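Naming follows writing order (A, B, C, D and E), and every chain is counted from residue 1.
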Amino acid sequence: MISETVKEEKKLKFGLFLGCNISFNRPDVEQAMRKIFPALGVEIDDLVGQSCCPTWGTMPSIDIVGWCAVAARNLALGEEKGIDLMTACNSCYGSLNEARHKMLKNPEIMSKVNEILAKIGKKYEGRAKCRHVAWVLYKDVGLEKIKESIKYSLDGITVAVQPGCHFLWPSEVYPDKEEDPFNPKVLRELCKALGAEAPYYTKLIDCCGMGALRSTDPEKSFILVREKLECIKEEIDADLIVTTCSSCLIQLDDAQEKLRKEGKINFSIPVLHYVQLLAICMGFDPQQVAGICVTPRDEIIKRVLEGGKR
Amino acid sequence: MPKIGVYICHCGENIAGAVNIEEVKKFVEKLPDVVVVRDYLFMCSDPGQEIIKEDIRKGLVDRVVVAACTPRTHEPIFRKACEDAGLNKYYFEMANIRDQCSWAHWHEKEKATQKAKQLIAAAVAKARLLEPLEDRYVELNKNVMVVGGGIAGIFAALDLANAGFKVYLVEKSPSIGGNMAKLDKTFPTNDCSACILTPLMVEVANHPNVELLTYSEVEAVEGTVGNFRVKVRKKQTYVDWEKCTGCGACVNVCPPKARVPDEFNEGLSLRGAIYIQFPQAVPKKAVIDPDACISCSGRWFGEEPRRTKDGKPILAPCEKVCPTGACSRDEPRDPNGEIIELNVGSIIVATGYRVMDKKYFKEFAPDSPNVITALQMERLISATGPTEGKLIVPSDIPKYLDWKKKVEKGKEAKLEARKPHVITFVSCVGSRDERYHTYCSKVCCMYMLKQAMLLKEKYPDLDIYIFFIDVRTPGKDFDEYYMRCRKLGIKIIKGKVGGVQRLPDERLLVRGYDADLGKPVELISDIVVLATAIEPNTDLKDLARKLGINVGAEGFLRERHTKLYPVDTMTEGIFICGCAQGPKDIPDSVAQAKAAASSAMSLLAPGKMRVEPLISEVNPEKCTGCGICAPLCPYGAIEYVEVDGKRRAKVNEAKCKGCGVCAAACPSKAITLHGFTYEQVLAQIKTIARKGIIEEV
Amino acid sequence: MEITEGVPPVINLTEVAEREKEEFEKKVSELIIEFGAENLLACMQCGACASICPLARVGFEWYNKKLIKAILIGMKEELLDDPTPWACVACNRCTEICPRQVAPFEVMFAMRRLMVEEFAIPTLAIEGLRSLYEHGHAVYMTGREARKKVGLPEKPPTTDSDEKALQDLRTILKNTKLAELGLIPME
Amino acid sequence: MSEEWEPNIIVIACNWCTYQAADLAGSLRYSYPPTVKVVRVPCSGRVEPEFVLEALINGADGVLIGGCHPGDCHYKEGNYKALRRFKLLHKLLTELGIEPERVRLEWISGSEGLKFAEVMKEFDATIRKLGPNPLKR
Amino acid sequence: MALKFAFYLAAGCAGCEMALVDLADRLVDALGELEVVFWAPTVADIKYKDLEAMPDKSIDIALVDGAIRLSEQEHIVKVLRQKAKILVAFGACAAMGGIPGLANMHTKDEIFETVYFKTYSTDNPDGVVPQTKCVVDGKYELTLPEFWNEVKALHQVVDVDYFVGGCPPHHEHVAKIVEAIVSGNLPPKGSWITDGKSVCDVCPRNPANKGKTREIVKEVKRTIEGIPDEEKCLLQQGYLCFGPVTQGDCGASCPKVNIPCRGCGGPLPGVKDFGARAIASLASILDDSTVDQLMEKYPSLAKLFYRYSLPVATINKRR
């Protein structure tokens, strides 16, 4: 009992790391986070002045120290306040944690980075890390609290989960690890907590094809997303795809529409970021927390709001 | 004044290729007390040794320094040469200018030459202080303990027993047989494993010179070569083996609740808490696994039985059904079993291997029942396996077992288990892998081919894929075996599998790579067989520690010398063979077992043995009886004797092994470790510290 | 895509080796190791990485395993025009499963870094860098309808709304190799 | 010897492990600096503090004692004795102003040829950084 | 004819002289055989110049106690060496440097800093430190001996014939020495005058003397901790007693009164470096954690293990 009280008293607080996609492409995800976390007792800090993580095609492709320096500035924003960062984008999660791992593993990189940071009066000691929203919800908030907080449940709804690559690999660099990085459970558990069926499907861990592949060769990128979608359709005929990555969200949402127009697929499965789905279940305004999409979501949202009232 | 001869070996090009011999000679000639310096192509060869002997015989030299390879292998050879020529063999010292000089500094020839000079100078400095010593002899006990009752242990025991030596064969399982007993057939001849192994098991068990100690483990080992004192724990069997006839009646009545995965079937089926390891077990006796037993009668050993209303005792099903009373629970049993003590002259370690569990390999969907290890596959196709050799997908084994139960009860039932159509083998799972074991497990290529061949010959319609990184088939008749597989239509793919994903119907999506096509490939398979690495048994390290032998970086027992002493260990009198030494196949294990047995024989046959006198000695004049040394000795070799009314330390020569801990600690420097005296080691150190300048004595 | 252009049907290993010795200051493999693929030489070409590589799956030429092999035999020129490294999704599944802990992903990215030195860098990447420098965001949009639509302030609390932070970021970037290479204008 | 200062490093090695490792390093052709010279003793427990002091005072720039990993001593526990003596000796030397890096104790088993070479490379580099032993007479 | 006898106190505390005087009537007996030609200022007030004027080798035997720290001491022992046939390093300081030798852990500057500035009792507003020369009243030049940078044992300055350990030498041992001198029954030149056995050899607490085996020591105690069992070996109880490594000419007088031996008797014959031997022996019978405990409880191992012998140690001063 005593330990529980102590746990209660320790207020959860994270720096909300937005990244580019969520800031500009999918601000409804940002809005969803701004709604759900305070309601779940998690304080969020804006980390004013944060920048791009940096994403893979930028500094990581130029130079490791440069990559780490940009990442370290972002991480330092949290470290200064004694909090960890939290992101809803797998790319940011990957880039920040890989950079941190490199700095911790190699003191030479760390010291070069700090030489650069010193020029703007900052330093990074490796303490602050970047957490993933899915892990914060799963581990820090907890499934019980999520279950208690929802107004609508997903009874009878089958979701296909898409945790995304940077949620899993390389497991070495991440602060939280799936017990089996080839059979991830966290997102499935999170969806089940909302009352949904979240079955395994064969290509659950396959890449959606987003990222550099998409910008380099969209056609090839669509091969992957199509394989994935078809597997979802055939094996579990999901009502909804749920992801915890902003890149996967954009790819699955956008590409589906394109594939349908080209006649390559003949179905449509709405796609939501998990924080959006949770926000809807918690009763927040769908227009605000899930208002931006290409593949229509209205129907599934309606089904949730009408069918799943608790 | 000592007359030192220095003999420098070229070792062909091995030394001369990096060390400038002429330059070294000029340097060495000037060293104090050096009277002769010679060099030769191979100093250890017969003519090379003759050079040394000649100088000794002529009286030119009375101390010998050989600068060559490592004293660990060659010191005995040169000592012998000195002795043969009439010089006390402890007037010999070696400078290691090959292993620790030319080889390591091959590309820095000038510096290697300088270093060689210093090493030789150090050896000369020590040589000036050498003292003549006399060898000792110890009596040897002619009994041998063989640890491990697999194919290697069985052969070692048989060879020794046939030669008239008494052998204690210690095996931790209830039966001997080891891993080979689990195999279906054996490559490259496809002999039935049981057919060739079982007769040997019986032979060794019945041999008058062999005492079989199964379900037993080595607890502690003391003593040295010729006189090891071993404590063996006979584990508690909970069944009276004197009375047990191995009829198996008890096994059948053990309740379903007390069932646990069957080790013999690699977890593919269940066994009861009371079990006989396998049908061909030797000895064929039942044991009770106390962790699995649920005491279904409500009574543990030595407890009063509960009684029915009419006062009849309630007995456990096993004790009730036992025709001989072997399973009786009337008497209490000590869970620690019994400790017995053995006196042996030599020990052979043949503890074998285990295969890695599939659970480590997350990328290969280990959760799926249809992903199995190769040893599980062996059980699946074996006639003594969980399905009596009937090939079905492992996920349907429970269905098979249900069906079998019904049929046994005389019910009519149809077996609805799925037969596989596609089987995929994955090589190098956990072998050649930095995350697990960097070594090659050696037998996987061949046993995958074997299993594929057995399957394909029996079920020609099966599609079999074997993913190899590369096919390794060195060995007699092995590559021919491989070609037979190809001709049978088994699909060999060069490239590793990177992922296995479960399909909803318990089939598996296999993602591999075909190096020949230069493309990723994928297929749907009913069974995926992982050739998981062979690794040392978990308790091998413990055992090695008890025995005082070395374990290599990869965890297998380390041989004294890879090439020259492959079954010897650094501890005299202890030999190793089989997979405890490293992964190997049956022919190699047997060959090594016979080598180990013959090594033990040639050691023990003379009945006594020469021991180097490189041990400690106390100078009673200098000893002040402080008593510091006695508790330090790991062998309890330091005793006290009365000298002029005072207690003085004395080393028991039979017990001392020459570590020198006492000499290093003695406050009055009364203890000398012969061969490594304070003055000798110090002379070496000073000489090197002064870059080759020897201090005048 | 003309991805195989520049790669002859027969690869003349003698020529490749001679060119590596004569024309380049350092071996390609040495450069790749310097650029972050520390365990490059441990590769035994088992192909596990390629079996699950999204790029290999959709038909790129120089996916992880082959790129490593090419580097190990000393090819360089032939690879510079190839888009494969720039298509890598950095999924890191290869890193997770590599039995030799080569981290093929690191090789891919080290190759990008090598290509950048040779200015073999795609326009899109340059654009991303320019945008990172100018706005602090690799993906940046001026239109803010989406944010307004979902009820958020027009500007996120990032460098976008914090001039000091943007200047800080620029200072950092000016002190990295990005500035040394002069890939984008930095005032 | 060349004009430039080269470290002079003495390794006092246990016959059953570090000495073997040095042999193994050679036979596997792992190179390490030729400044390293090994003196063989039966056990690290044979090493007397005087050996280290005399090595230093006579001109060695670095001294390394090599023994079996804890628990693996061929003579059961000689390496523990070595460790105990070393701890005190090392602190004593530090008090007397000897750089602590000059004197080292390492556990290198007979199978760790690579480790032997790596440790020696690293030790040589350390000694080079420290410069010549100031005690040299 | 009486033996011509000299006694000189260098850097020492005069305890060794007390030890000689402690012989009491036995000394009186011996004095009949001795003619004290130099023992300033205690017994024979003879000036240095008188000593310098003596013919070479005119003194039969000269004892020196105390270490060599000042130019004056160096000068006198050199003179003594010249005048004496036999020169004896008498007591731990002369033989090994002794307690004053611990100053080798500090530089001259550090010592002056402490002595003339830092101690609480020092009042030195003008910052005066000793000068080797100064002129008083404009005309009197006064001199002080020079303070050397390091302390040396006698044999590090002049050739020494015999060594005697102890701080001070035990009077019984002194008696034997005096007898030996008087009778001329001396060991070979260069040796220690000693029985050559350890303190343990004569210590009633030594378990080996009681037919028992020593045990590994599992705890280290400083002398201020607890009260030792009067019967049991002090080392066995955790009190770091150097009895095993120290010459026991004292008859184990310290252990007999519950004080652990600290090594004033000097190393056993054949041992060059007392501290190294002490480490070799003592560390061997401690267990792992005890070694750490020792290092925690004793802030300076050098001062512990070389309490009486730092100047003659292999590494004999802090660098």
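One rule holds in what follows: a contact is a pair of C-beta atoms (placed from the backbone, for glycine too) under 8 Å apart; a residue touches a chain by one contact, two chains touch by 3 or more.
Everything numeric in this text was worked out from a predicted model, so none of it was measured.
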item	value
Required minimum of steps from chain C to chain D, each step between chains that touch	2
Any chain in contact with chain D as well as chain E	B
Intersection of the contact lists for chain A and chain B	C
Between B-D and B-C, the pair joined by more C-beta contacts	B-D
Geometric centre distance via CA averages, chain D-chain A, whole Å	52
Euclidean distance of C-alpha centroids - chain B vs chain E, Å	59
Geometric centre distance via CA averages, chain C-chain A, whole Å	23
Approximate Å spacing (C-alpha centroids) for the pair chain A, chain E	77
Two or more partner chains touched - positions in chain C	57, 93, 96
Multi-chain contact residues (two or more partners), chain D	48, 50, 54, 56, 81, 85
Residue list for chain E, restricted to those that touch at least two other chains	277, 280, 284
Inter-chain touch pairs (all)	A-B, A-C, B-C, B-D, B-E, D-E
Chain B to chain A touching residues, read off their complex	362-363, 365, 367, 499, 501-504, 509
Sites on chain A touched by chain C in the complex	18, 20-21, 23-28, 30-31, 34, 46-52, 54-66, 69-70, 73, 94, 116-117, 119-120, 122, 165-166, 168-171, 181, 205-207, 209-213, 215-217, 220-221, 223-224, 287-289, 291-292
Contact set on chain E toward chain D in their complex	105, 272-273, 275-277, 279-280, 282-284, 286-288, 291-292, 294-295, 300-302, 305, 314-315, 317-319
Residues of chain B defined as touching chain C within the complex	363, 428, 432-435, 469, 494-499, 511-515, 518-521
In the complex with chain E, residue positions of chain D that touch it	48-50, 53-54, 56-57, 80-81, 83-85, 87-89, 91-93, 95-98, 134-135
